[in-house]
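Worksheet: one structure, shown below.
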Amino acid sequence: MEYNVLNIGLIVLLPFFAFVINSFIVKKFTNLAVGISCAAILGSFVLASRVFYDFVFGKYSTNYHVHKTFEWFNLNGGGQDFTMNMGVYIDNMSATLLFMVTGVASLIHIFSTYYMKDDKRYGRFFVYMSLFTSAMLGLGLSDNLLSVFIFWELMGFCSYSLIGFYYEKEEAGNANVKAFMTTRVGDVFFLLGILAVYWQVGSFTFVDIYAYLATGGMEGVMVLGIPLATFAGIAIFMGTIGKSAQFPLQVWLPDAMMGPTPCSALIHAATMVAAGVYLSLRMYPLMEAGGLLPFIATIGGITAFGAATIALVQTDFKAVLAYSTISQLGYMVLGIGVGSYNAAFMHLITHAVFKACLFLSAGSVIHSLHDHHTHAHVQEMPRMGGLRHKMKFTWFAMWCCTLAIAGIPFFSGFVSKDRILGDALVMATYNPYYWFPAALGFCGALLTAFYMCRMMFLAFHGEPRDKDLYDHVHEEKFSWNRNLPLLILSVFTLGVWFSGSLTGQKLVKVAHEKIEWFDTLIAEPKLEVFKDYQSQEWGSRDIKSTLTFSKSVYDSTHGKSEEEYHHVHKVHVIGAWASIFIAFGGVFIAFMMYIRKSWNPGWWVNTFSGWYRALQNKYHFDDLYIKGVIQKGLLPVNNFLAWLDMGIYDKYAIDGWEKVNRCAFTISKWFDHIFVDTIGVDGTGASVRAFNVILRTLQSGKIQFYFIMIVLVLAGYIWSLV
Amino acid sequence: MNESLISYLSQFEGHQAFVKMASEMAGTDLTSTISFMIYLAAVLAVVGVMATIGGLGTYAERKISADLQARQGPNRVGPFGLLQMLADGVKMILKEDIIPRDADKFMFVIAPLLCIVGVFGSLAVVPFSSGFILTDLNVGVFYLLGISSLVGVGIFIGGYSSNSKWSMLGGMRGASQIISYEIPVTLSIIMIVLIAGGMSFGTLISGQGGFPHQWYLFHNPFTFIGFFVYFIGALAETNRAPFDLPEAESELVSGYHTEYTGMRFAFFALAEYIEVFVVCGVAVALFLGGYKVPFDLGNGEAFSALPPIIGKNIGQFLQLGSFFTKTLALYYVVIWIRWTLPRLRVDQLMTLCWKYLTPIALFNLLMVAVWVYAFEGQSMFELFSSMGSGSSGGH
Amino acid sequence: MSSHNLDVYMPILILMGVGVALVFGAIIFGKLIRPHNPTRLKEQAYECGEDPVGVAWSNFNVRFYVVSLIFIIFDVEGALMFPVASVFKKFNEIGRGGLLLCTLSLFVIILISGVVYCWKKGDLDWVKSFHLDLNKDSESKKVEA
Amino acid sequence: MFDSVLFISSAVLVLVGSLGVLFIKENLMHACVSLLTALFGVAGLYATLGADFLAATQLVVYVGGVVILMLFGIMLTGGGTSNENKFGIEKVPGMGSVKTYIVAGVNVLVISLIVIRIMANVMKDYKAVPLPPYESTVEKLGTLLVTDHVLAFEISSILLLGALVGAAIIARPTRRTN
Amino acid sequence: MASLYSYLFLSFFMFVIGMAVMIARKNVIAMLLGIELILNAAALNFVAYTRFINQNLDGHIMSLFIIVIAAAEAAVGLAIVIRFFQVRESIHVDDATQLQA
């Protein structure tokens, strides 16, 4: 069995080359640059689908992975041999991730050719997008934590550039700094975690880490009084918290919508926020070993619920979506926390699809709503309403996604979210602590269904509230680069693509057991198999490896006993019905409030006005960070340092030095005058003048004279030698 | 490899026997002497043929131009005016030989000599057939480039020595034009060398076949472009219209040979016509399959029923026919172009060379290198046919 | 690779000898049969029927030189590329074609960068470099301003 | 037999050409043609030494390139003759005088002494070995150029780039300064 | 038949003639011609030694690069000469005694 690694490398390199080429030509050949970017990402998509096909349906079936390394650099010295390897690691999860990222990114690229067409930095946007996509793909292919970190930071830089794309706007400038700084907090911990892992394991490679965990080498190792696995796990999970906008570092993500809408789609759906979850999934065995799962589940539950509550009161179209992103990421983290490995990843994929679609639809809406007085795009929902008459395609696509995210049956969100919630319930029956995150998750699901429908009803249904704005909206005509991505994405919000059946039942039959195809794909790495694993060097052709993964945690419960399996199944059924009821409940409440108008939202606002203000202020997190952390914590430190600099160092060190210099200057002036000028300079001049007379006759400026001199001197020299 | 006429001949028993016999008779080794005699005879034959072709060239030029312009052309001297070239030759010899008073006499004499030596030197490696190539040097085509650059020197000196403004201008233009256009020609030749893996004409032609799809012209898209680059460059190098600026009648009277009369002028003209033939021959050898005959008739194995000396020689004659047919066809195209296209301006000439042909040739060179690397030297048709045979897939 | 002796160069020498003999032979032979009556007018250089003014050997425009300069650089590069090109096929067959491709590409790209420089600076423009002489004054004024 | 013919004719060309470069005084053009002869002869010598590729390179680079460049250079600096010049007799291209030739002769004598002394030493040790047959050098040269000498190969391209750019800058037509 | 010494003699001959040209001539271009002769002499030496002494082709490579350098030298040297001629209206070598134009 052969696999050409070059194909895999090209997946990353194509967008990267596009970035390199485009950065040179973008100013003069904007359209060409855009074409190159789109072609590159489409090319990546083709290659990635080949890889995806090979891994998921094709010759590699479910039990293979590819791990190839090459030596990056080698530091030998001081008796230490340190070889840094880079490589690719592909298993089903990376293959699926690559397929999703390239696919969604391609569609976003295509949509951007519509959305950004009239922007003055049309080309530069694509330059960033190419680098961004390339970094995410590189992260997906990385086989070790260090290269993950490199791509991670590269993505951080790109998101910084893209969020601050309209850098003329002050808010955009602030937003990108905020995003950058906030994620930096997580990144510092992440780096700390990497170093902690390296300190003990001696390698950055995932496989080596798994093998080390399998041998139990980490047990009993303490750092700062806590087990190393816990320490490293928390540190690395802090990276996830920063990147995936988990509580308490979620504040950057809502501001990230300052960037152009397609880039929001890319950041919120396919790439950046997914990277954090992906990292946690990769490091799942470490987290498990560190006993971090309850903590992770709690963080996820809090994020899922808290962000959903904030989303309730947002009036900005994109802000709702931004908070829904945070909330959904919370579900993924919750999934990791309750051991629902493949459901978490599945939610990552389904969320990427419907969230990309939502953002692109939002872009389509915002692009059409052009205020003729302020010459700005309108994002405020109170000024919308009734848009479904004008924008049928967008309306349709957006409803598909809304139903998906709300967890309505037959849509993808139901398939994945239901399983996370079900697993949370199962865990709760084992460990009562999990009732807390599970309950938060269910409440969040209700709120999700409500606020998404609220957004849809406010924007698309009812009567237009801003008549002037409404009249200027053009009828949406089908154009390929605007509506095609929306339609494709909305088709993929159907649950059938992910569950294999319409109702979410398990149809694929593998070994006397009906499971969903996702279950056959994604599985938590089973540590024992990595014990004796050797990675292949780059360039060897045969990379077959015979690792067998367990199916998943989910199915491995079946392995325990018949009784437990029935228990799990029973709980799942309950969970499924509960989430269906909750989803429909949310939709119903929204319907009553905004369509039928039987229930007045104002009553809720008045009754819970304190809560309302808190929600509007996003639980005062920004204030807390600015007033509490920065002003109370950092500013005094800064002032102290400034005082140290100006009051102590400048005053005594610099000024004192000046006095010393003045003294030295006086001495040196005297010395200079006597010795250097009189004896040195004048004396040299006199002697040079004396030699000058001799040398001047030689320095005739006649080349041939020089040549003769050279010949004669050389002749004399050789004569003396021979 | 270094095949040559002698190495072809020495595979026949008769030749070996003759050399042995002669050596025994004379008492010393006469191999070299006999080689010299054979070469001398062959060279005289080639020069004779070339002189005829040069003469025929003038005749053909007039006849074809007449044809293109719906005139009669020379038709009085001999049948169809065929003897016109003889008449011209006689006239040339009988013309008075004038050397201008102010001219640089030594240079004036030496200029046509350089042209003739350059052109004759290049005849040594022209592959007329697999056997009848005077000498197939290892560095054949590179040698040809070098020796034919003597013509440029000759033209420049011819223009310089006359001490006439027209000649001087023509000579300067001629030299700069020839050297400029040598670049795309060289690059196109490197391109073919890269595919063929050798510089000798034997190697260059052996990579091709008798059928058009086996020619390097159709080896890949870039050689197809390269052929036209080469051909345009070759036209310019031989000062043929539309690149005949050095002798532009309407501006420079007659260019670098304004002051030349009689036989000296005739040598310039002869050199030009033979050079046209040579570059056409090289184009044929590089791009159009050279002397190759379809179905491998040329190597004589098809006539194995006959005795080898007859069979092989039939093959040789077929090859000669193939080579001359293609070359003369190109020769016709050259004349056709001359009477069809208007002359370029001098700045257009330089622009064409440096801003179009040279970049294209460089690009072609790189692309052919990439092609050879990527497809392991297969041609387009081999690729298509291998695709058709279903060997697609794995490496 | 078979060896050879120097006889392969024989035809070249013979051809050149024949060429020289032909030129001198024809001229000497022609001397016997052609007229020879030089006159002053006949021996004058042709200048549209007028008496020639001065000599033709005045100095010429530099652009001729620049062209020949670029040519010689290319010529030498070509000479260096020929042996590399002729081993390309062999290296490709043993699987080292990538190495040669990189070498050759680097070589050609460096070469191209020189041409691009000359192109940008207008050394390849026949007419522009001619105009430069005439317009230089106004250009330098512009620069001063 | 033919080897000797080739060698002798090449050597004669070299000798005659070199002497021509030295002693042709009245016209630089003639000296240049004489140089052409010498270089042609060197190409012939290369051929007798079995360096077929170098012989062809000699032809291509020198005959086709350098000599033409020299001829252009001579024309650009006002013709080569000593008696006629755009700038009058006063600014003749110096072809040397008896004095300079005498100095040159002295130098030649000195160098000859040195060389004879060196050669005397070398000849003592040198023993003629049987010469190998002539072989094509093209492929070996190509292989050497891309393996052992690849750095020189690439650097030579940079050298040529520098030469091109530098010479183009220097020779670019500009307004004459005073 | 030609021995090593005949080549060395020819090389020596070209070298001293080139040197003499460099010294005797006052014309810069003529001096450049002399330099060409000197360089050719060196290249010829390399090839001759390759043929007669050790038969590996490093000498050829040296000669090849000598040719390359000679071409570059000729190009730049002539450019300087032409520039010099434009400035000084002379190519007499003794006029080139000042560093400033």
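The letters A, B, C, D and E name the chains in turn, as written, and every chain counts its residues from 1.
In this section, a residue touches a chain if its C-beta (ideal position, glycine included) is under 8 Å from a C-beta of that chain, and two chains touch if they have at least 3 such contacts.
In this text the structure is predicted, and so the values were computed from the model without any measurement.
Note on connectivity: the fewest chain-to-chain touch steps from chain C to chain D number 1. In this assembly, the chain whose C-alpha centre lies farthest from chain E is A. Seen from the Cα centre of chain B, the chain whose own Cα centre is farthest off is A. Innermost chain of the displayed assembly, by C-alpha centre distance to the whole-protein C-alpha centre, is C. Inter-chain spacing, taken between the CA centroids of chain C and chain E, is 20 Å. Chain A and chain E have centres, each the mean of its CA atoms, that are 65 Å apart. Centre to centre, using the average C-alpha position, chain A and chain D are separated by 66 Å. Note on chain placement: the centre of chain A and the centre of chain C lie 60 Å apart, centres being C-alpha means. Shown for chain B are the residues in touch with two or more other chains, namely 1-2, 32, 35-36, 137, 139, 142, 147, 160, 172, 175-176, 179, 182, 198-199. Across the assembly, chain C contributes residues 1, 4, 7, 9-10, 55, 57, 59-60, 62, 64-65, 68-73, 75-76, 78-80, 82, 85-87, 90, 100, 111 that each touch 2 or more other chains. Shown for chain E are the residues in touch with two or more other chains, namely 19, 23, 26, 64, 67-68, 71-72, 74-75, 78-79, 82, 85-86, 93-94. Touching chain B in their complex are the following residues of chain C: 1-2, 4, 7-12, 14-16, 18-20, 22-24, 26-27, 29-31, 33-38, 40, 42-47, 52, 55-57, 60, 64, 67-68, 70-71, 74-75, 78-79, 81-82, 85-90, 92-93, 97-98, 100-101, 104-105, 108, 111-112, 115, 119, 124-127. Those residues of chain B that touch chain C in the shared complex are 1-2, 4-6, 32, 35-36, 39-40, 42-44, 46-47, 93-103, 112-113, 116-117, 119-121, 123-124, 134-137, 139, 142, 147, 160, 162-168, 172, 175-176, 179-180, 182-183, 186-187, 190-191, 193-199, 253, 258-259, 262-264, 266-267, 346-347, 349-351, 354-355, 358-359, 362, 365-366, 369-370, 372-373, 376-377. On the chain C side of its complex with chain D, the touching residues are 1, 3-7, 9-10, 13, 55, 57-66, 68-73, 75-80, 82-87, 90-91, 99-100, 103, 106-107, 110-111, 113-114, 117-118, 121, 123, 129, 132-133, 136-137, 140. Listing the residues of chain E that touch chain C in their complex gives 64, 67-68, 71-72, 74-75, 78-79, 82, 85-86. On chain D, the positions that touch chain E within their shared complex are 3-4, 7, 11, 14-15, 18-19, 21-22, 28, 31-32, 35, 38-39, 42, 45-46, 48-51, 53-54, 57-58, 61-62, 65-66, 69-70, 72-74, 76-78, 80, 87, 91-97, 100-101, 103-105, 107-108, 111-112, 115, 119, 123, 126, 128-129, 131-132, 137, 140-141, 144-145, 148-149, 152, 156, 159-160, 162-164, 166-168, 170-171, 174, 176-177.
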